[in-house]
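Two complexes come next, and they have one chain in common, subunit A, joined by subunit B in the first and subunit C in the second.
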Partner chain A sequence: MWQIDTTTLSGKVSMALIVLGAFVLAFGLIPVLQTLPPRGRRALIAVVTFLVGAFFAAEFFMPLTQDDKNYLTPGIQPAQNALQIIGSLALGLGTYGLVRLHLRNVVQKRGQWGYSVVLLIAFVTMATFSIWNTLAEKRILARTPLLDRGFSLLFDYTLIQLDAAMFSIIAFYIYSAAYRAFRIRSIEASILMFTAMVVMIGIVPLGAYMSEQLFGLPREVPPNAHPFSLEAILYSLRLPEIADWILKQLNAPVQRAIEFGVGIGGLAMAIRLWLSLERGIT
Partner chain B sequence: MSYQHAADNWFSAIIIAIIAMAVLLNIFRARGGAQLYIRRIPGLDAIDEAIGRSTEMGRPVTMIPGLTAFGVVAVQALTIFKYITKQIAKFATPMRLLTANPTVYAVAQEAIHDAYNEAGRPDLYDPDNVRFLSDRQFAFASGVAGLIQRERVAASFMFGEFYAESLIFAETGNIVGAIQIAGTTSFTQVPFFVAACDYTIIGDEFYATSAYLSREPVLLGSLVGQDIAKFLFALTIAVGAVFATLKGVDHPFIKLLGMPGGWDTFWNAVLGGR
Partner chain C sequence: MQEMRPLTVWERMLAIDRRWLYLTLFVSIIVFLLLPVRLPAVISPPVRKFYDAIERLQPGDIVMVSSNWSASTIAENQPQLEAVLRHLMRKKVRFTLMSVEAQSRDISLRLANRLAKEFGYEYGKDWVHFGFYTDLIVAIKGMTNDLPATVKQDVKGTPASQLEVLKGVKSLKDYKMVIDVTPSSTVPYWISYRPKNLIVLYCPTSVMAAEAYTFLDSGQIEGMITGAKGAQEYEQLLGIVGLGTRFINGIQFSHVLIILTILLGNLALFMQRLSREA
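The block that comes next holds the complex of A and B.
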């Protein structure tokens, strides 16, 4: 239904016409939309939002026939493709904005314009090698030693390493943030610090070692022991058990409660957007 | 490719419909003039204080929607940023909005432009203040951290979806002495924000923000509907806990909550297999 055979000449021509038509429609639509008054534009956005939302909602609620599909299911993938295309166009817009800003910095010699020069050089170099590599993978351009070396130097030995370096910095930030959070300034901070200490010690082997060697608590409970027997009670006082209890019985329910709230909030927001009741940025 | 459908789990679909009804009914109730109460959220009261501080110091305000892709979270984040920008525009305080998603960037440009227009200061709008930095997580993080350090921002607002980069933003802001207010739907990042920021908006408070700031009847009504939905969830959990305790976890009502299947499975679960 949605596929064109591009191996035949007529298929190729059809595909080219569709792509050309889409471009003309997209770029022709923008000036037309710009001429609309704000109220007209808002009304158009509301109608399009409602129709697209109704399509997805109807597809979700309509009864299924065979193969877990209904009449609207084949339209889902093209709709998602359209969203991806819009995202790709926006990526071009974002890149244009970034380059424009840094070119202006350099041309007008604004403060710290040297950083902008570095960014522009890095941008052009990375883009060149990335596009070259993609074309070489598709066998449109030849793969040369310069491409291989340059690509691996820029991506494997520079970009990935810089990513890893930024990620590593988080470890130091955790120390400083934890120091401030755990300073005993109030009852809440004291409880937080004590709980954190129990969990941190409990989930590493030190917790089990301390429980058994320092406090003399049992390593395990006899298989048929009563839940309220002395062995079972002493076993449950081990640091790993307490840490596990805090994580599963206190932490997990709170996280789930937050998730429930976020989910309901998201759903309410989606309904408001769908019905254009949300006037925040529209 | 297979997609999720209501027929996969009718119980969930019914729950979604009930929540939607609760939200819509309360929106119409609020539009009809019902007086609705919203509790105080200190983090949101502090927004004006943070803007005032930036104005006094003559340093910029940063707004960061995190790695949020364009969706409900991004729309909510941009709604909050639009409100902040309107306040900023009154005092001509410099601002920077930094995004990692190109679609969010495009919408943010329009939203911020509108905010300056609505505040009556279109002359202050500079498209260069809304910036797309990179869609790579740590490239974006280093870009934001660098800007916060170089421009010594006085206030930093982080609203949206955040991942491991959250602490890089928050700690960098802390180093330059910025007032920081964060709100996120990513519950794994909440502890980092609580530790590093002055105020943190947790969980669904994030979605309450626009209602709190604007006091619009539609948004307040929606918030009441959300609270009713939360109460229904709490009730379901309580009933489930009682049933599970008295009858065991194999009871039909317990199975019903997570049971996949169509109407037959649904009625089988409700009627106990009859």
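The block that comes next holds the complex of A and C.
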């Protein structure tokens, strides 16, 4: 009942009418919303939020039949299509806002407007080649040597390199910060620093190399060795084993506790959003 | 006028210009990246489990690869994705790619195209890219109910119903596993919304790996490749020299440098305190 067969003529006509209707509704809704008083607008948004939230929650919690579906499951697909469209519209809205802001900077010659010119040129060039490339992939437009060279130059040799270089700079800040901030001023700080060092060395091949060559610890333990035999104890003292133990036995429970806390907080926040209790949501 | 006391060596060390630190790290990375010495990796249990899970696949099985990284984490995620795709192609497994990161759509498509040529994998028949999705939860839930209706078409505009790789595939339930290559916390969404028969394998950046140990412990993630270091272990299991193997020297000796510098900083602080007390 939720799906339209677009392979038939009637299906195509129905789909076209639905798209047209949705278009008129969406653009007709904006002036209607503008005429509503703020309280009415808030109430409308709260009702829509509650209904959509209730639909997804009900679909998730309702018992399933043998084919892993319930009465609401077929409605999930159109609802999700709508969500994808809203997500895409948000991207478009962001792009519109960005271009508008920088165009205004250029037109009004605000401070550092030259950067806005660079941004706009880069934006238009990248968008042109990117859209052209996507359409060429779908065989809607022809793939030409200009497209291949242009897209490769902009994407592979400019965007990727700049993005990777920018992120890699963090390593230098971390290094400088570690030198200045990692000071042994208390027992807790000492434990933290020692643990970090063991994990940093233990997880890389150098940790195993040092354990075997520097400390003379065994590379492996015989399969039938007793857990408290000398070989087993020496093996467990290797840096990779200690690092693994720290990650599994100390890190994992702490992460679990944090995630429980975050989960409960997330649930409370979701309920507040669903019921439009969160300030600023409407 | 009071005469300025010359700074001691320790005080100079504590007040070192940060640009010297940057230069030290830069030289260290360059030198050790070029160093021909290669230390063998110790295969960590999560990487071994990851490898074993793919080894258990049969030719013709289908796998979803969720590639959600941009160029900012290319040093960690590219070695992982490359090693994993190589393994899938060796096993003659069908795979489909998808991205919830706009850049990753093109990066993963180009990477898979390059490897497909090497292994003789045919686009549309052996593998396919579904493109970019704005919302992962929506995509997972949709594909769990009806994959062709959610996907609609691949990046080349071919309708999902005409893709040979999807022959016999109605939903994500027909897949064997999902491999999430990501620097973001997307894996909890896969764990929560996937069909329960779907095995989850995870390729996070090193900084994200600590959070995943809780899921590894519970069995919700079957295996994990941690950053470029995990990729080196995986390449060793595959018997290849890839990006992970090439990067590991730079990584491990940077760790050593950081540790030495921290120790030196603490020594300088200690000596400065001693000299003040004296």
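Details
Please note the rule applied: the second predicted complex is superposed on the first by the 226 of 282 C-alpha atoms of A that agree within 3 Å, B and C clash if a C-alpha of one lies under 4 Å from a C-alpha of the other, contacts with A are read in each partner's own complex, and residues count from 1 in each chain.
Basically, a residue touches a chain if its C-beta (ideal position, glycine included) is under 8 Å from a C-beta of that chain, and two chains touch if they have at least 3 such contacts.
Nothing here was measured: the structure is a model prediction, and the numbers come from that model.
In the superposed model, A:Q77 lies in contact with both subunit B and subunit C.
By the document's definition of touching, of the two partners only subunit C reaches A:A208; subunit B does not. In the superposition on chain A, A:F155 makes contact with subunit C only, while subunit B stays out of contact range. When both complexes are overlaid on chain A, the residue A:P240 reaches subunit C alone and has no touch with subunit B.
Look at A:A252: by the touch rule set out above, it reaches subunit C but stays clear of subunit B. When both complexes are overlaid on chain A, the residue A:E278 reaches subunit B alone and has no touch with subunit C. Looking at the shared chain after the overlay, A:Q112 reaches subunit B, while subunit C stays out of its contact range. By the touch criterion stated above, A:A268 is placed in contact with subunit B alone, subunit C being left untouched.
In the superposition on chain A, A:M197 contacts subunit C only, with no contact to subunit B. Residues 68, 73, 76-77, 87, 90-91, 159, 162-163, 166-167, 176, 178, 180, 255, 259 of subunit A lie in contact with subunit B in one complex and with subunit C in the other.
On the subunit C side of its complex with subunit A, the touching residues are 16, 18, 21-22, 25-26, 39-42, 44-45, 70-75, 103, 106-107, 110, 133-135, 138-139, 141-142, 145-146, 149-150, 155-157, 173, 195, 210-211, 213-214, 216-217, 226, 229, 232, 248, 251-259, 261-262, 265-266, 269. Residues of subunit A touching subunit B in their complex: 59-64, 68, 70, 73, 76-77, 86-87, 90-95, 97-98, 100-101, 104, 112, 159, 162-163, 166-167, 169-170, 173-174, 176-178, 180-181, 255, 257-262, 264-273, 277-281. On the subunit A side of its complex with subunit C, the touching residues are 3, 68-69, 73-74, 76-77, 80-81, 83-84, 87-88, 90-91, 133-134, 137-140, 155-156, 159-164, 166-168, 171-172, 175-176, 178-180, 182-184, 193, 197, 200-201, 203-209, 240, 244, 247-248, 251-253, 255-256, 259. Within the complex formed with subunit A, the subunit B residues making contact are 1-7, 13, 16, 19-20, 23-24, 27, 70, 72-73, 75-76, 78-79, 82, 99, 102-103, 105-107, 109-111, 114, 127-128, 130-133, 135-139, 141-142, 150, 164-165, 167-168, 170-171, 174, 185, 187, 190, 192, 194-196, 202-204, 206-208, 210, 214, 216, 218-219, 222-223, 225-226, 229-230, 233, 262.
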